[in-house]
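I'd like to ask some things about the structure below.
Letters are used for the chains, namely A, B, C and D, taken in the order the chains are written, and counting of residues starts over at 1 for each.
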Amino acid sequence: MRASSRADARRTWWWATPRSGGIAALALVVAVLPLGFANGYFYDVAIQAGLNSIICVGLNLLIGYAGQISLGHAGFFALGAYGSALLAARYGWPPSLALVTAVAGVALVAYCVGRPILRLKGHYLAMATLGFGVIVSIVLANDDRLTGGPDGMQVPPFALAGYVARSDHAWYAIVGACLLAAVWLAQNLVESPTGRALRALHTSEVAAAIAGIDCPRHKVNVFVVSAVFAAAAGGLTAYYAGFITPSSASFVRSVELVTMVVFGGMASTFGAVVGATVLTVLPQALTVLKEYELAVFGALLMATMVFLPRGVVPTLSGLLQRGTR
Amino acid sequence: MGIIDRLRPATSLAGMVFALMVLGAGVAAAQEPIRIGSILSVTGPASFLGDPEQKTLEMYVERLNAAGGVIGRKLQLTIYDDGGDAEKARTFTKRLIEQDKVDVIVGGSTTGTTMAAIPLVEQAQIPFISLAGAVGIIEPVKKWVFKTPHTDRMACEKIFADMRERKLVKVALISGTGGFDKSMRAECLKVAGRYGIEIVADETYGAADSDMTAQLTKIKATPGLQAVLNAGFGQGPVIVTRNYRQLGITVPLYQSHGVASKQFIKLAGDAAEGVRLPAAALLVAELLPDTDPQKAVVVAYKRDYEARYKSDVSTFGGHAYDGLMLVVDAIKRAGSTDKAKVRDAIENTHGYIGTGGVVNLSATDHLGLDLSAFRMLEVKNGDWALVK
Amino acid sequence: MSTLAVSGLTKTFGGVHAIEDLSFEIRAATVHSIIGPNGAGKTTLLNLLTGVYLPNAGSIRLDGRELTGAPVHAFAAAGIGRTFQNLQVFFNMSALDNVMTGRHLRERCGLLPALLHTPGLARAERESRERALGLLRFLGLEAYADACADAMPYGALKRLEIARALAGEPRMLLLDEPAAGLNPTEAAEIAGLIRRLAESGTTVVLVEHNMRLVMGVSDHILVLDYGRRLSEGTAAQVRDDPRVIEAYLGAVDTRVAGHA
Amino acid sequence: MSAESLQFVAGGLTTGAIYALVALGFSIIFNASGVINFAQGEFVMIGGMSAATLFASGMALPVAIACAVGAAGIVGLMLAKFAVGRARRADVVTLIIITIGASMLLRGLAQIVWDKRIHALPSLSGHRPVELFGATILPQSLWVLAVTIAVVAMLSWFFGQTRLGKAMLATSYNRLAAELVGIDVRIVLLASFGLAAVLGAIAGVLIAPITFVSYDSGVMLGLKGFAAAILGGLGSFPGAVVGGLTLGLLESLAAGYLSSAYKDVIAFVVMLAVLLVMPGGILGARTSARV
């Protein structure tokens, strides 16, 4: 009875639910943040943090909720970026149509790749996804007549219905809106039968299957969703930066993305946002350290994971709850 | 009292920061420094470019300041390490322009990082001198973009001219998969025909590969092979050179200007004997005849760099030297750091003698070097020798 | 009316027969127990009946429909639910979410409605939640509804597994040692629950060591030994079968002797 | 077989032996802790860099090698004691991120302690290539192969005969059971990191004369070593060797017969295909679901 009355309360105060409440808070942060921005450089870093957050929110569905590792998501990011860029630059498609087509294409690729390799488990899955990412980056670097090779290619600006997005403010608004949409979609998925199915198969695939959950189908689905998030962020990055190189598909970049998710906290959508933001901003702050930057960054990463093993957001919110109780 | 005690370090720190800001503002009002920004690939796969570039810039900014600065103002150098990543390079360029408010940018160690920065510097209208190789940086000419290193196309031309002289026609190409290698490979393929060179094999290797015998075995088996050209940098060309001798290939081996450093000879050892490559005069500073206009400049740079850093000079540090000195020269002539005036002054540079050659810039040529800037070198007895 | 028909079922592990040429039928709305000494192959049989293991030979049919070789979730979709001997609770979820996960088959699980949180899905979620809460009440777990599963006591987890299995509204429920680790009062509650389920039309397949429970609730008992059928029949028939007594005494299980 | 194809095989064995030696380190740590140690490549780098700089400063080669191996071993022990060991109860993914942080830290320190240039180390027995049926191979590559085989033999003895080795093996099969019979899991973790670091350093010392060494040369070696360990079957020592040699041969043959530009793509595609047929690697354990 107690539980059902609590559920009623949730329905009344929609903004107090974890889903809507968190999104409202995030929207507020996104809206207020520019007040503290001194110049375009701040916007640039914020935009990159937003784009990384979009990828990580998707990747967290796969890693945090479904428990399936991917060390190849930079591959999907780069495919989204190059797909959008090539269709727009080489074939003269309208940028928005190119973006949508590229993302749809990546969804198809993710489906075809995910079907077979998601049968693998743990480190073997990590290796297989890593292999996929490496293949993408080599093909992008090698096919230089189409992609411009390792030195990258120029991308035309993003335009929609006559409006050309150039200014930092416009891009901040676009990326901010996309981030909110990404978080909303992800939170919806988490709190749906599909989300429960993902968490279930994370704990015990046998028990999940006994409950009637088609594990392979759900794994592939969430793999595709996370790839779509990465591809969309990739397409936006290409248009925003106006320039892309195959290093966006590199193994190092894939590892960086996973690190962001784990750093922020697995199975926490807002953890993914925090992880992506912190690890995007931190290197900018550490440039004052010059040659010590890499060592200090590595040490900070190690220390955080040793002392906050569940990631920043879950560990800290756990402490907070214990404190208020 | 506990709280106050705990807060004490914080308050004193805040006080110090405030004091520094006031002081800083006072100094700035007295004399605004000339702000030079730089994005370099100090770490990562292109660190062999960025590392000597950074060292060179730091050393000469220090020297210029010790000598009283330029037009009575001190130089302030801000360097960001992009690790060879174009995305980072773009953000750092933005940071230099918007946050650090630099007057001019020297840098972009690689073509990728340079290309990522170009849209921003063009938009912000800031003089930009790239230290990267590809010809695409200055072709077509972009108003605010210059570069100091010889292009990879020039390297190809120098090598092919030498081959033509030695009557070597059937040439195999082996290159790495990095940006430098791929770009040079593409340029060489483009200009080969003009020198009557026929590319009979075209192989590649990964940047971190440990053995290239498979590729070289294929090349060795190519009928009519007369010479091999390796475009690349880092340990790749060294391994190629060693594998080349291991397989007993006897036709001449040419390397690119990417390994133009004494370190190449040290690492490759005996296998390097007889290898030819095009390089700037810097590498053979002492061997230059006294009549050579570049001699004084390159000998001085070489001496300074090697004395300060106890390591062999490379032509890449020289590119940074040229970039910095071009800017300093232009600012002196412009008499201010007004961006448009400095840009015009750079474009009007004439007869500037740098480590890379004699630079004559114009509205249609933002590089200003010709083929004479390159010297053909050969490894003889463990050292460089000029090919006459 | 036959519900489940098993014929010639065989499963080997590295050449050892865990189940050997086993055939039997289970009739709808009855309580059918499977007993036997440790290592007789009871859990292996449950794994075969739920598709977790692929048999080396033989077939499993539910209402005449061939299920052999189908994936696990297809067995579930055909109406077979199950609990586990060693708990397989989703420890990263609340008790309520555990039960709602059990309703997976009864929910629409399209990807797009889930992403967009369509009104239809929201309505279905509310209904699902009510039903899950109802099941938690039915099993006396309503106090734990919002508790994370890893904070629940053992006995409650056992019942939570049953609630989760029931949430899928199975036609046949396989219970693997539901009374293990429970005190006599709790075991009696489980017995009452099993009877109620059978009366409401659910077929119950029970694997259990507690002979008082088995003898009290079963309509039909299958005795396994070394993967083969040792005996079969009503509680009285099995109890009086000399082969069964021998097998159990040989296996030094005093419980059956005590109750026999 | 023609001399040409023999040369491809020789090249593949050269590369493959290097991968195998790195892969062995991955398997040791995986066995003891279930962790993929992304800093394994850095152990290799530390071995190579220490030996190269010590030798360059005038130390005798054997002494320089011994010091380098010792230094790497200490780094490995410290990584286990102060980082991985402290987060024992954390998720495996968290532990992996810790090793990623460690690899950054070690690389960052290496570029400060040493420099960013490429260093060389003299070969153990010269540069004169050994000729076999028309194919040539550098004597150093034969050293790498021989040491790899010797290391596998020693590891088999260590894990099969010694008390500590058996304890480590027991821990890999069942941590809880190992703890219950009184095995100190912390010691096992320390030993595995120490052993893997020593092995990595030996690899670094042997590889440096062939591929040279710089502060970031561990990244690619780590990646390929991980691939080799997975391909052969994670945790299996003969598997690491088989995986390493297979990967090296795949790359070399692909470069020789198909396309040198796409040799890595071909190698990875073949590897994915192998994993799909044998989801536990070539010599990996076959497990079936248990409930």
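Everything below uses one rule, namely that a contact is a pair of C-beta atoms (placed from the backbone, for glycine too) under 8 Å apart; a residue touches a chain by one contact, two chains touch by 3 or more.
Quick caveat: nothing in here was measured; it's all calculated off a predicted structure.
Q: Counting one step per pair of touching chains, how far is chain C from chain A at the shortest?
A: 1
Q: Going only through chains that touch each other, how many steps at minimum separate chain A from chain D?
A: 1
Q: Looking at C-alpha means, what's the farthest chain from chain D?
A: C
Q: Find me the chain with the mean Cα position closest to the mean of all the protein Cα atoms on display.
A: Answer by centroid distance: A.
Q: Counting C-beta pairs in contact, which comes out ahead: B-D or A-B?
A: B-D
Q: Once you find the CA centre of chain B and the CA centre of chain D, what distance in Å lies between them?
A: Using C-alpha averages as centres, the distance is 35 Å.
Q: Could you tell me the distance, in whole angstrom, between the mean C-alpha positions of chain C and chain D?
A: Each chain reduced to its C-alpha mean, chain C and chain D end up 47 Å apart.
Q: Please work out the Cα centroid separation of chain B and chain C, and write it as a whole number of Å.
A: Each chain reduced to its C-alpha mean, chain B and chain C end up 72 Å apart.
Q: Hunt down the residues of chain C that sit against at least two other chains at once, touch-wise.
A: In chain C, 52, 84, 88 touch at least two other chains.
Q: Name the residues of chain A that each touch 2 or more other chains.
A: Expected reply: 138, 142, 206, 291, 293-294.
Q: Enumerate the residues of chain B that touch no fewer than two other chains.
A: 42-43, 177, 204
Q: Please give the residue numbers of chain A that touch chain C in the complex, ascending.
A: Listed in rising order, the residues are 1-4, 6-7, 185, 188-189, 191-197, 199-200, 202-204, 206-216, 221, 225, 267.
Q: Which positions of chain A touch chain B when the two form their complex?
A: The touching residues are 38-42, 44-45, 48, 138, 141-142, 144, 149-152, 154, 237, 241-245, 247-248, 284, 287, 290-291, 293-294.
Q: Would you pull the chain B residues touching chain D in the complex into a rising list?
A: 42-45, 47-48, 51, 177, 203-215, 217-218, 221, 234-235, 238-239, 242, 246-248, 263, 266-267, 269-271, 311
Q: Which of the residues in chain D end up touching chain A in this complex?
A: Within the complex, chain D contacts chain A at residues 30, 36, 38, 83, 86-87, 89-91, 93-95, 97-98, 100-109, 111-112, 219, 223, 226-227, 230-231, 234, 261-262, 264-265, 268-269, 271-272, 275-276, 279-281, 289, 291.
Q: If we count contacts the way the header does, which residues on chain C are in touch with chain A in the complex?
A: For this pair, the touching residues of chain C are 50-52, 71-73, 75-77, 81-82, 84, 88-93, 96-97, 100-105, 107-109, 111, 113-117, 121, 125, 128-130, 133, 136, 142-143, 145-146, 164-165, 168.
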